[in-house]
Every structure is written in C-alpha cells, then in structure tokens.
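Okay, handing you the structure first.
Letters A, B, C, D and E mark the chains in the order given here, with residues in each chain numbered from 1 onward.
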C-alpha cells in the first residue's frame, strides 16, 4: 500500500536545513555512479565517497552523478558541499515526504518527482522519490533505492544512439523525467486492467469483496493523483523558459512530456469517474437483491398465511360446526384454498413480481 | 466500446522520437492521396510511396496530402523527411493515444483531433485519431483507417462550389476541422435519442437493464467529454492569431467552429446532468417498489396472524373450555374475526397504505 | 418540454454559410415590420419582401427591422444582402440550436438570445431564439414566431414616452434585451411558485408523483441555466466598451441588465439547491415510511407468533398431556398469553417503537 | 421564512427607470431623518418632505440623510432630484429584490446591502435591503422599515466618541456597513446554537422533525450565503481605491470589514458542511433502526416458526400416528423444541445479532 | 472539541478599535518575555509591565517580545502605544475568532496564525491563535496561553546554533511560522493514525460508534482545513516580495514553509477523501447486514410456512377426510413435507442465498 503519511513529526523543533532522513529506514550503503559523456566520449565509474566524484567532475561535456540511497546524512552533505547546494535543498532530498516541485536557485534547478513501481504481490503501486539537480554541465539524481528505471538512458548514452550524446545537461534531465512519466503509464495500464476486471466481475457476480476492491482502487487513485497532478506545474514552469539552464531547443521536448502528464492526469480522472459509477452499480445491485429476497418472502407468505388461517378454522373444536359434518366440507375447503392461491398468484403476476 | 487505455507502455524505455505505432494493429497498406488545387485548377492522384507525393508537391496553390493508415513507420518517416517535420510530431501521429492538441512549430502548425463514428451494432461511439499538419501552402492529414468523413470537402473542391478553391491552406484545415465537429453532432443526436428513450423507459418500466444502460451512457459521456473538451482550447489557440500561417480572414470561421465546440460541450454536460437525475429516479423507484412489496406483506400478515391465533385458540384440546360447547361459540368467533379484520383494514386505510 | 437537441446533423457535410433552417418546421410566411423613428418622428410599416425594406431604410435616425419567421432561406439571404451581413451570421440566425452569444463584426454587432415563454397547458417553459444585429443606425431582430414580447417597446416608441426616441440604435438593442430578461423573471416566478407548492406537498403528502415533479423541475432548471448563464458573458462583453457602436452613455443601462442577469442566475441556482434538498427529504420520507410499515409488521408478528405457538402446543393430540385434563389448564394458558403479550408491548414501548 | 422570490414580474414591459416598489407592501409613511455633523457640531432633525431635507443639506461637514420606508415613489423621486441621482439607481432602491452590489457613478457611489434580523418567534432570519449612496459630503441610507440597527452610530455621533466626528462621509459609510456586518454575526451565532443543539439531539434522539430542521437550516444557509457572498466583492471593489470619494486612510477600515465578511462566509460554509454531515448521520441512523427492527422480527420469527410447525405436526388427526400414543411423546417433543430454540439462539448470538 | 463559533456578537455596536477580548476567559496574568539578540550577544528577561519592555527595546540587533495571555485590554493597549500599532490591529489580536491573515502596514507586517495542539484526553485538536508583528528590528508574538511551542527557537537563540543569530527579524518570524507549521504535522500524524485505525476497524467490526467517529474526524478536518488553507495565501503574500521588511535572502526559507503548507493541505484533502470513502463502506456494510438478516428470515419462513399449512390441513376436524384414515397417510405427508423443504433449499442454493 502507498503510505498515507511519513513520520515527518520527528523534525519538529529542529532548525531549518537539518539533514534528517524521513522515509523507510534502509541498511544498504549509498551507491554513487558518475557518468561523463560528450559527443565523442563516454565513461562510467562507481565511486565510494562523494570526494572521488569531485575528482571526476567537469572532465567531459556533461557529468551525471546518480546517487542511490539517501539515508546517509554525511554523503548527502558532502555532495552538497562539492556542488555548492543550498542546505534547504539537501533537507528536501532526504525528506521523502515531498510533493513534486521545481525550485529555481541561482545556478541550478531543483526538481523533486515521484516514481511508481507496481508491486505484483501486493497488487498495488509503490511510490519512491527522485530528486534531480540540474547545473550548467552536470545533473545529480538522488534515488531512495537501487532501481533499473534509468537503465535505458544509460544504454543510449553508452551506444551513442539517439541525439542524447550531442545534447547538453538539460536534455539529460528531460530524458530522466520522460523515463519517469513513461513509467506512470505502465502503472496506469495495470490499474486499468484491474478496473476493467472489476467491471466485468460487477456485472457477473458482485460480492462484498468487490466493494472493498473498488475502495482500494479509489484510494490508490487518490495517491496517484497526488503525485502526478503537481508534475504538470513542475514541467510547465520548466517550459516557461525563465531559466537560462534550459536551452530553447529543449522546449519542444518538455512540451511533449507536458502532454504526457496531461494524458496521465486525464486517465486517472477517467478511472476515478468509472470507479464512482461502479460504486453506484454495486450499491444498486445490493438493493436489487434485497428486493428479490423480499419478493420471494412476500409471495410465499401472502399465499400461505390465509390458507393456514382457513385450515386452522376447521381445526377448531366447537361442538356446533355444521360444515364439519357435511360430506362436501373437505372438498369445498380444498377448492376454496385453490381459488385463493390462484387469485393471489394472478395478482402478483399482474404486479410483475415474478 | 471506447477503449479506456491503449498499450502505451510498450514505448517505455525508447528514446524520444521513436516511431512506434500505438493503436489497433491493421493489416491494410497505407494509402496516400494527393490533391492539388487553386482557384482555376484541381487535380487528384493516388500515389504509392511518399516520394511520388514529393514530385506532385508545390505545383498548385494548395497541396493536400491525405494519408490513411498510420501503422507503417517508414511511410510516416518518409513523409516527415519530405515535409521536414519534427521527429516528436511524427511520434505523436503514430501514437493514437493522444489528447486533442495544437502545437505550433516554426514553419507549420500541428493539430491532433478525434473523430467519432457511431457503431450501430455495438450501439456505442468509436473514436479515431486524425492528425493534421498545416504548412504555408500544404495540408497533411493522417487518418487511422479509410473513412468517408472528408468526402464532402473533396466534392466541394472538385465542383469549385463555395469559396474553398479561392482560399488558402488555412481555409482547408478549417474545413477539415468543421467536418469533424459536424460529425460530433451526429453522434450526440444518436446518444440524445438513447437518453430520451431511456427516460421514457424509466417512467414506464424500470428494469435492472435500465441501470446498466444509464451507466454505459454515463461512461460514454466521460469519453466523449475527454475528446471534445480539449478541442475548445485547440481552436481557441488557433484563433488567438499568433500564427502567421492563419490569415485573419479565416478567424471568423474559426470562431464559428469554436461556437460549435462550446455547443457540443454544453450538450454533453446536459446529458450528464440528465443521466445523473435518471440514476436518482431509478434508485428511488427501486425503493418505492420495495415499499409496495412490504405494504402487501404487512397488510396480509397483520390481518391473518391474529386470526390464525384465534382459530388456534379454539383448536386447543383442553377438556374444560366452556365456549366450545356453546351453540353460539362458532358464530361469535366468526363475528369476532370479522371485526378484527375490518378494524385492521380501517387502520391501514387511514394510514393510506392502500 | 424544452427539447434537448435539435436536428443539427442535417447540416453535416454542407459548406459553411449554407442557409438551412434548424428548428421546428413552420408553415406561416415570414413577416417583416420596419419601424423608423427619431426624436420627432415615428413610422411603422409592414413590408412583403425585404426589398421594400431597403427602400424604407435610412430615412429616419434609427431604423428597426423586425423579422418574424426565420425558416425561409431566401428572405434571410435578401436581408443579408441589403444590410451586407456575413454568410456565417445568416447561418446562425437560421440555426435555432445556438447558445446565447455576442459576435463583433467590422460594422455591426451580432447578438443571439433565448426568450422563454410559459406554456400553461404543459406547465413548462418554451424556448425561442431571438437574433439581433446592431448597426450604426439600424437594428435587425429575428424571431422564430410572432410573439408580443416587443409590444411594450413599440408602444413607448409610438407614444414617445421615456427617453427611447431621443437615443440611438444602441439604446434600442438595450431595450430589446431588457425586455427579454424581464421575461425571464416571469418564468422564474412561475417555476418558483411550483417549487414552493412542491415543498408544501412534500411535507403534507409525498407521493411518487412528487419525485417526478422534482426531477422535471430540475431538468427545466438545467435548460434555463443553459440559456441564461452565457447571457452574462454576452452583456459583459457588450459593456466592456470595445465596440464603437455602443455609446458610453448606454453602459449604465447595460450594467443594469447585467445585474438582472446575475439575479436570474442566482435565483436558478437557489432553486437547484432547494430541489436537491427536496430530493433528500423525499428519499428520506420514503425510508421513514418503510420503517413505519416494518414496525407495525414486527409488533403484530412478534406478539402473535409466540401466542400462536402456545395455542398450537395445546392443540396437539398426544394421549398423555396432563395439562389438558386439568380444569385450570385453559385459564392459566390464557393468563400466560396475556403476560407474554403485555411484556412484549412493554419491550416495544421502551424501544420507542410506538 | 426568507422568501425565495419577490414579485419582480410586475415590472416587465415598463421602461427602465420606472419607480415601482417591489417588496412587502407597507402602510406606514416614509420617515426622513437628517443628521449634520462636523468635528465640533452635531444636529439631528426629522423632516416631513424631502424638500426640507434640501434646506438642511450642506450646512455642516457631513450630511447623513436616513430614509426609512421606500414604498413611496414620489419621496424617492424627490430625493433623487435633490441629490441628482440616476433614475436606474432610484429604481434599484425601490426594488428590494436586489443582490448586494456596488456601483460607481460620476459623483457618487451606490451600495446595496442586506441586513438580517432574527425573528425569535419564527426561529428564522428576516432579510431587509439597505441602499446607501455616498457623495463627497453626504450619505443617504434607505431602509425598508424602521429598525434600530444604526442607533449605536447615532449615539457615537452625538457623544463625539471615537474618531467618527473627525472623519468624512466615507468613514460614515464604512461605519454603516460595519454595523450591518456585525449584525450578521449575531444571526450566525443564533444559527450556530441551533446547529449545535441539533447535533446533540441527533445523537440522543433522532426524530423525523430533526430532518426537517436540518433541511430548514440548510435552506437558511443558502439564503444567508446568497446575501453575504456578494458582499465580499462589494467591499473589495470599494477598497481597490478607484473612487476618489473614499480616502486612502479609510482603506485600513474597509480591509477590516472585508476580513469580517470572509469570516462570515467561512462560518456559513462550515455550517453547511456540518449540516451535510448531520444529514448523513440521520439517514444512517434511520437505516440502523430499520436493521434493529428487522433483527427482532427475524429472531422471533425464525425461532417460533419451526416450533409452530412441530406443534401443528402433532395436531394432525391421522388415525395411525404412533408417537401420539407413546407416553414419552409429549415430553420428547417439548425437549425437541427446547433444543431447536436454543440452537437458534446460539446461531444468532454467534452472528452478533443480539 | 474545536469550537464552531466564538461570542463575537458582544462587539456589535461598539466603535471600531474597541479592545474587547473574544475567546475563552482566562484568570492568569499576562506574561511578557523580552529577548534581545545579535550575532554576538543574547539576553532574555521577563518583565511585569509593557513599560519595562520599552526600556529594553532597541538595545540589540533584534528584539523579540513574546506576550502570553491576551485577555487584558490595558496590556495590549500599552504594547500598542510603545510599538505604535494601529488600533484595528490591537483589536484583531484580542479577537481570537480570526482567520489566518497577513496585513501590511506602513512600518510593520501583521500576521495572524492558528496553532494546533492535540488533546490526548479528548482525542481531538485544540486551536489557539498566535498573532505576530514584524517590525524592522523587532518581532512581537501574542499567544492566548503559555505554551512551549517556541522553546526550540529560544534554545537555538541561546546556543547560537544554526544561522538564526546572524539573521534579522524577518528570519525570526520565519522560524516562528516554521515551528507552527511543523506542529501541524504532529497533529496530522495523530489524526492519520486514527484514520488508519478506523479503516482497520471498519473492515473487522463496523459498529454505530464507527460512524460517529468518522463524522467526528470529518468535522475536525473541516476545522483543520479552515485554519491551514488561508495560511497558504499568508505565506504566499509574504514571499511575493512586496514588503521591504523581508529581505530577499529569506525568500528561499519562506518558499520552503510554503511547500510545507501545501503538503499539509494535501494531507488534509487526502484524509477527507478517505473518510468519505469510509462512510460509503460503512453505509454499504449496513445494507449488507440487512440483506443477511432478510435472507435468514426468508429462508426459514418460506420453508416452514408451507409445511405449517400442510400440518394444519390434516388437523382439520372434517368428518369425511379419507386421508386421515389411511395407514399411509402420515408417512406420505411426512415424505411430502421433506420433498417441499428440500426443493426449497435447492432453489435458495441456486439463488446463492446461502
């Protein structure tokens, strides 16, 4: 399940800029990968401490430092010193309870995003935070955990396929965000399949489980929406062309991922509408079932209750009941009861109860 | 049924500009039709490969290239090379999971739209994507499949009827969009008829089917809305007069189709409101029916249950029951029961239960 | 009933500017009335063909041409030629499925409005379209049918009462719109009375009819809203002072009708809110009634079912049932049953069931 | 009850500026009070006709003319002539079916407001319209009826307490509006108490009355909202500083009443939300009660119905029923029935039905 | 519980600027703490009367005066005279029924905020008002009651930890607001835990209590929202950089708390959505339970009612009933009843009723 809140309260009372990790505790060590590339060359190295990363910095056209694991305060602080990052920015990197946002500092842009992974076992989406810093000739990316989400970009860089090696750091950040948004569609398709399955199930055999699944999917939509909706504004403010760090030739690419974001939001809203409709159908099918049950009860009761009265009547022990002695008594009572029940059935038929 | 999502995920990980067709797989070959016309002349030719199309280009005032079938990457790419189109634009053409949008490039405008066809068999709308590129003297239109939606325009061009032959490429793109929006009203009227039928049916004989039809229509409205709503912005941004490709004399026509779009949106919203009202009526008529059933059950039960008690009372086998021996016992019990049932009926009548 | 859609689809495929009448087919001939007036003079004439109208045009300060009946294409076209109107404008006049709007052309303003009449028989509002063209010294008004809505203005013009004869064509168009909006309040009051009646009825005796009336009124509110809401923008854009055709001295009058429009919208929204509240009350009163019925059933059943068991018990034919032979058997069973029923009644009383 | 609409329709067809009183008919004569004051002097006089008021005008720094009773057309017209007011403004004063608004004329500002009084008997709010005209050195206030709402201001003026005597006419209009808004909070507190009482009542003993009270309060909130909401814009447009009639030193006071208005709107919205929540609770408690009733019915029925069957079984008159002759027949049937009822009770207990 | 309204009405009729305390009456005396600090020095003193505070003012770089207890009119008035504050501002400080707001005066900024404390006993949030005045070199904070919310800031000031001692008064006001917003997250986490508990409880054992808890939490969300939502605008207007009192270097910090506010609003909205979903689940589980009960009733009744009729039939006392005399009568009736009940069970099984 996507968590509703993280333990942000532990920071209350600390001065701003305090580097406290907010998120799931992890034991693994942080891993730092430094990739340098230009139109002609490409190198990739894994370093132990951020200091080595400093040594590698600035050799090629673009330097991309990818840090996985953000729970170690000193590592983040070191990176901050090397790239001269604002303490509040470092604080935001370590606090995984962020809303997607873009902040423009003097010599770099800071972008916080959420990636989504689909947990097949739990059948729900897992959310992770990715923070990206864009400088003139470098890109820093911070991930909570090691994932393979950026592997295709690494592949393109190594092969020199596409235009990525010829472009600057702003094209790299675009590629990273593009990859993250492409990932959303994978999640949305999985959820879409579940919504479609649910719809089929609702028509064939609605159960109490169905309601719980509807509510669970609705809740996931709330969280998805919460992480995709602000993305729109993030990309929009990047595209507005106010930062000199983003070249105007990159705008057309940003506009493209802006369209994708709108598309994702649109899809989420459509699913939300569909789930609401399904809730209505479920509730109404419950009412319908109650009606069915009541109809059976009413038909059986209203037919037999008068008959039972009649047979009770002639079960009375009065001395003077002339009908009891007549040989036609029994057959005529049977006939009477037949007439009563047939007229009842006719009445129900006319009322379209069965 | 209008699909909720297309398999967009297959593109995740590919570099931007990769020409992957997203949509229903088709076997037919793409068809390219080249129409050249000016005030005096008109020619129409069907070409096999985009190269021939290049040969025909630029001979007359306006050149309209209509491509049906967008699943062949090479064809689209060739057309892109000839008309010098941006790779992202080509990608968008092949991806049929687009939101309607307008994008302004340096020397051409790019418009993505959705057309709707009514499938009589399925009784639902089918959506297809149409992409249009407007250059200074040419218009390219890309359709998913061969349709006859643009036939009337071809007719007007051939006959020289109306002002279309005298006007430029911007008037042609207006005519294409106008035709697409006119098509929306055909769909809306069909849906409107179904909404009206449903309303009649709801009053005369509400069934469980009715609810499902309401929900189905509601869902179609969601999808319709999703394809018409962004159109408003598309036309608005064309009309704002920022592109030199659209002459100011065409603005009055764009304003006209803008009005039509608003009209279509308005109609969709009205249907949505009506369908919501119908859902309320349906649910309330279900409750009403339950009440009716309960009333019958209650009247029958409450009248006969006491009577059955009375006849049971005199069915007891006690030795010493003086009433049983009295000759007036039986008639007075019958009288008593008549009084009980009549007073019950009076009580229910006063409560207005029947 | 206000219709939900008109047969707009018949226009699909025609070139823009095609004069096709969309609306109810009428047999009557169009009627053209030409009114010329200035501060000192006033003349009114009924003409057969638009050509005569041309002869009368321009003699006085202001020329008002009122055309009732818009289904004859040639008449509209002739008027269009005489006053030099744009083909799209003529198309809009003949298409009665328009949203209220204002369009500013080079030398005239075009306003489309909806008037409402109350059909006493059907107890619902009828909507008609009125198109008005404002030139420098003329006003053209196009009505679907002959109505007396503008009679008071004619009266004022004839008598020279008020300031209308001293003012220009812009004051005339203001007067026409004012008259149309005043008409809305008549409709709103009629609907308001029905809403109030419904509320009284809901409290005294809610029936299934009540629900249908609520839904019918709700639907009428949707249509009313649809025709009044855009009016706000229409008047607002006239008042913004961008057209030289409207003198600044007329702004104060436009602001006045703007206020009236807001007032009308406000009233509609209030009715909508009230109707929603009434739906809640209705549904809840249905639930309440079900509860009442269930209570009666439960009280009667739970009292008599145990008693019936008891009398059945002593109706058994076992040989060895000592109670049956005891002379106190019958009275003590009667006493037992009295105790059972009284304790049941006490229990229900404590539960506040009656 | 706050009325939903007033008889505005009687004005349809009249030329603009016609002075027709729309509102409750009153018999009393209008009363005109003229207050002149400056930093040093203060005088108050009651005049019979507006002409006398003209004589008193302009003697001191600020002249405040308070007119109670607006149903006499000639009085209003006279005042209009003396102070040179626009006919449309006079029309608005006499029409009590106005929305709160501010209009800026050349040499004066016109403000329409609603005051609320709490009718203890009806337990609901009564709404009255107050129109205020602000000139350079005079303020005209028009009330529907004589009230004591402005008494505190008169008191301050007489005593020279506070800064009011030193300030201009714009401070007087601020004081009047402040007094009106302060009055809203009295009403809101009364309604708030009723909302709180209702909440307590809902928990302890929900009745059908409760629902009607909820709906009545909801309706009052709709009307309150309608009169307070536009006030926000009124004060905002006064504060924007576009009128030379309002000195910049008064802005801080206007901002203060702007805050109060926001506070009032906020409170209304909160009450609306609370009432919606209470409706949910009410409806759910009705469902809950139905469940309780059904449980009792079901427990009693399902226990006794099988038992009644058993005793009926041995009430049959078959010749050959061996059980009837056995001396253990009766006790074992009694035992059987005990077992049946106990196991039923156990089943219901496990289902947590009681 | 958070109160819905405070007794604001007692102020109606008083001139603006009247210092009347609106809020809970407190007996304690006000406490004034004066803190002076610069980069090098720090002093903290508790003073008895505001006059002493004046003596201490202006000695160091920044002077922070913290006043706890705002119910004493003279104290507030004195402070107002010393720091030259506007009477309306003082009135706002004493009125605890304020909406969060920022007001910009000539030489100081005025900010009103709400802090939230969690009352463990009542399990609900308590709201208190904090007013802060920012001058060039001083900050005044007014609290309703003594709390330890600002203790961490005092600690940082004393230790000289962080940058706070080096920064100006604008950084101090930022720190105070930051502390207040951090506090919100503590409350939100407590509420979040309760929402999560409720969700678990809803699935395992829904009770009537559950509904009341949902409603109580919903109500708390309304009040939380009401105090956090306007905060957004407050910080936004501080950050917009219009006041010379806030240095541009502080903007980055304000942007940080702006993000936190958005985060808090987001969380509140998510909880509201979740609570609405839970209400749906609760209501539907109530319906489900009703269905279960009805099923048991219907199964038992419809099986035994026909059987009871059969046994009643052969309990009749007719002389001529051939079946009664047959030795196979009893066994065949028993068999008949077995067949009836088994076929009923089969029917219910097929209907999936058990």
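Throughout what follows, a contact is a pair of C-beta atoms (placed from the backbone, for glycine too) under 8 Å apart; a residue touches a chain by one contact, two chains touch by 3 or more.
Keep in mind the model is a prediction, meaning the values are calculated, not measured.
Chemist: Check every other chain and keep only those touching both chain C and chain E; list them.
Modeler: D
Chemist: Using mean CA coordinates as chain centres, what's the chain B-chain E distance in Å?
Modeler: One centre to the other, that is 42 Å.
Chemist: With centres defined as the mean C-alpha position, give me the chain C-chain D separation in Å.
Modeler: Inter-chain centre distance comes to 26 Å.
Chemist: When you check chain A against every other chain, which residues touch at least two of them?
Modeler: 287, 290, 294, 297, 301, 305, 308, 312, 315-317, 321, in rising order.
Chemist: Could you tell me which shape the graph of touching chains takes: line, ring, star, complete or other?
Modeler: ring
Chemist: Beginning with chain D and continuing through chain E, what order do the ring chains follow?
Modeler: D, E, A, B, C
Chemist: Quick check: in the complex, which residue numbers of chain D touch chain E?
Modeler: 151-152, 156, 161-164, 175, 178-179, 182-183, 185-186, 188-189, 192, 195-196, 203, 252-253, 255-256, 259, 262-263, 266-267, 270-271, 273-274, 277, 280-281, 284-285, 287-288, 290-291, 294-295, 297-298, 301-302, 305-306, 308-309, 312-313, 315-321, 351, 353
Chemist: Report the residues of chain E in contact with chain D in the complex, numbered from low to high.
Modeler: Against chain D, the touching part of chain E is residues 4-5, 7-9, 11-17, 86, 88, 92, 97-99, 101, 103, 105, 208, 211-212, 215, 218-219, 222-223, 226, 279, 282-283, 286-287, 289-290, 292-294, 296-297, 300-301, 304-305, 307-308, 311-312, 314-317, 321, 323-327, 329-330, 333.
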